[in-house]
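The same chain A turns up in both complexes below, where it pairs with chain B and then with chain C.
For the complex of A and B:
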């Protein structure tokens, strides 16, 4: 049942993403200044949304783990962070391709871009450090602290294009500049597609984490025999 | 249709799909490894309990 649900969610997510691309090509006119490169927005922004949503869930479950010492919260945290980091990588790469087209450069040390890269590296650090700790409770506790610390960068990224007196090349959010009406459908559908994919990947990752805990307890049992 | 910058749109969507596919393949490969390890340990525990 779990496997069927996972496949269904993943395939549905992929279909919705392909439908969205079809909708963009058949229903929308290319953006006046950017041409078709403007449509990169429909994968670039939802990927960041997904990453931030998953990191926020990981923050809550990390705090809950520290309070309740329940390993289910640790499993949810690591699943969220792993899948979220994949989405942030999609965001960084698609943003870089958009930047090359619009600015003529792949990368610039702009406040928004730099804080976003920092976010990616902080959570990548979480994923690198975690397997290095052998003892389960110690691993989960240390991971929870890193997840809470890393989250400090999430509001920084959001504020990077909103703070006064900060010069940034990054465009302002379309929602806040009133441009959302013309792009609402592909934008929302893009978020739904990535949400479905994230759910499918989370289910797989959660199952793996539970199996890993079962392996740990079997190892302890073997040691005791 | 105006196809200005179609190349960059193609690059971006291809990159996104490649990253997602690599991630899924990594998950599948790790899942297989974990399942093999679980089966091995279960067999070992059963052997030890019998002997």
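For the complex of A and C:
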């Protein structure tokens, strides 16, 4: 039952996303300055939101694990970080495509691009080191520690990129200035679609993690016999 | 039982004495720093002014490579004969053990940096003595940040397979905000700019990084050492 509900969520997310894309390509006029390429923002920006939301959840559950030593929190952390890192990768790739179209280059060492890449690398480190720790309690504790250290780095990167030796050319966010109104509907729908997909992926990953833990404990029991 | 700070100092003294007697990591780190400095000379073929523009970056690459070698040993030094278990079982508080190791790593890395800085100046014709006070300030702040984060991760991965490989994977991304500031500030100094006005941001960033991670590491190390 739970499995079916998870898949249903994912499929629903995919349908909403396809509907949204259909709406954008058939109903909306190309963006004034950027043409159709501008509409990649309906994938690009929500993906960043998902990454940030999932990383924040992982921070909270990592702290909770250290306090309560409950492995459920560890499973949620790793599920969130794995899925979150995928969304940040989506954000980087779509941004890169947009950059090639608009700036003529795939990559530039701009402030927002750098922050995003740092986030990706930090959590990639988490995902690489985690499987190398053999003992379960140790793995969970160390992972929580790394997750907290990585999260603390994000504001520091944001501070660092304001230093004189770093430059920017990324468009400023239009949400704060109210410029988003004209595209609010596809934007919000885009967020909802990715939220559903993120939730589904996270639940699948969580289920896998719990199964893996069960197998581990069974194996240990077998060794003890 | 002595105070926590006294314990930390005792551990730092012990680590330094062990290291200065065997010279295991310091020899490796210093000679590695020299090799990297030589290799850089083949990587770039630049005019003098262009070289000044990247000089700070080069210096901090050398220091961060050497730093990874030094901090790697901070906790793995205790693995033979199960010394780490004994340290953890002792009444010394976790943060004191950690602080002692971080201080020892800090001093060792400073020593390696002090050896390689004149060589760097000599090889690449950099006038590093002109604003020595500011340069020393940057080096002290950035080296502390590097060793406090490095020692924390050294504790995290002490029982991990392939820990020599894993440490850089974790350490360098975390260090990026620190390295951006240290590289920018050092380059500014080498180009003859003072660290005032806009350039003071580099110092502020380094202090912020040190404060955040020193507090975080000292608070959280208890969870890492005892589980």
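Rule of thumb we're sticking to: the second predicted complex is superposed on the first by the 210 of 225 C-alpha atoms of A that agree within 3 Å, B and C clash if a C-alpha of one lies under 4 Å from a C-alpha of the other, contacts with A are read in each partner's own complex, and residues count from 1 in each chain.
Rule of thumb we're sticking to: a residue touches a chain if its C-beta (ideal position, glycine included) is under 8 Å from a C-beta of that chain, and two chains touch if they have at least 3 such contacts.
Keep in mind that this is a model prediction, so the values were computed, not measured.
Of the two partner chains placed by the overlay, only chain C lies in contact with A:125; chain B stays clear of it.
Judged by the touch definition given at the top, the superposed model places A:149 against chain C, while chain B stays out of reach. In the superposed model, A:77 lies in contact with neither chain B nor chain C. Of the two partner chains placed around the shared chain by superposition, chain C is the only one that A:164 touches, whereas chain B remains out of contact.
Applying the stated contact rule after C-alpha superposition, one finds that A:137 touches chain C and leaves chain B untouched. Of the two partner chains placed by the overlay, neither chain B nor chain C lies in contact with A:116. Contact residues of chain B toward chain A in the complex are 1-6, 8-9, 11-13, 15-16, 19-20, 23-24, 27, 30-31, 34-35, 37-38, 41-42, 44-45, 48-49. Against chain B, in their complex, chain A makes its touches with residues 10, 21, 29-30, 34-40, 43-44, 47, 86, 89-90, 93-94, 97-98, 100-101, 197, 201, 204-205, 207-208, 211-212, 214-215, 218-219, 221-222, 225. On chain A, the positions that touch chain C within their shared complex are 66, 118, 121-122, 124-126, 128-129, 132-135, 137-138, 141-142, 144-146, 148-150, 152-153, 156-157, 159-166.
Chain C meets chain A in the complex at residues 149, 152-153, 156-157, 159-162, 166, 169-170, 173-174, 176-178, 180-181, 183-184, 187-188, 198-199, 201-202, 205, 208-209, 212-213, 216, 220, 223-224, 227.
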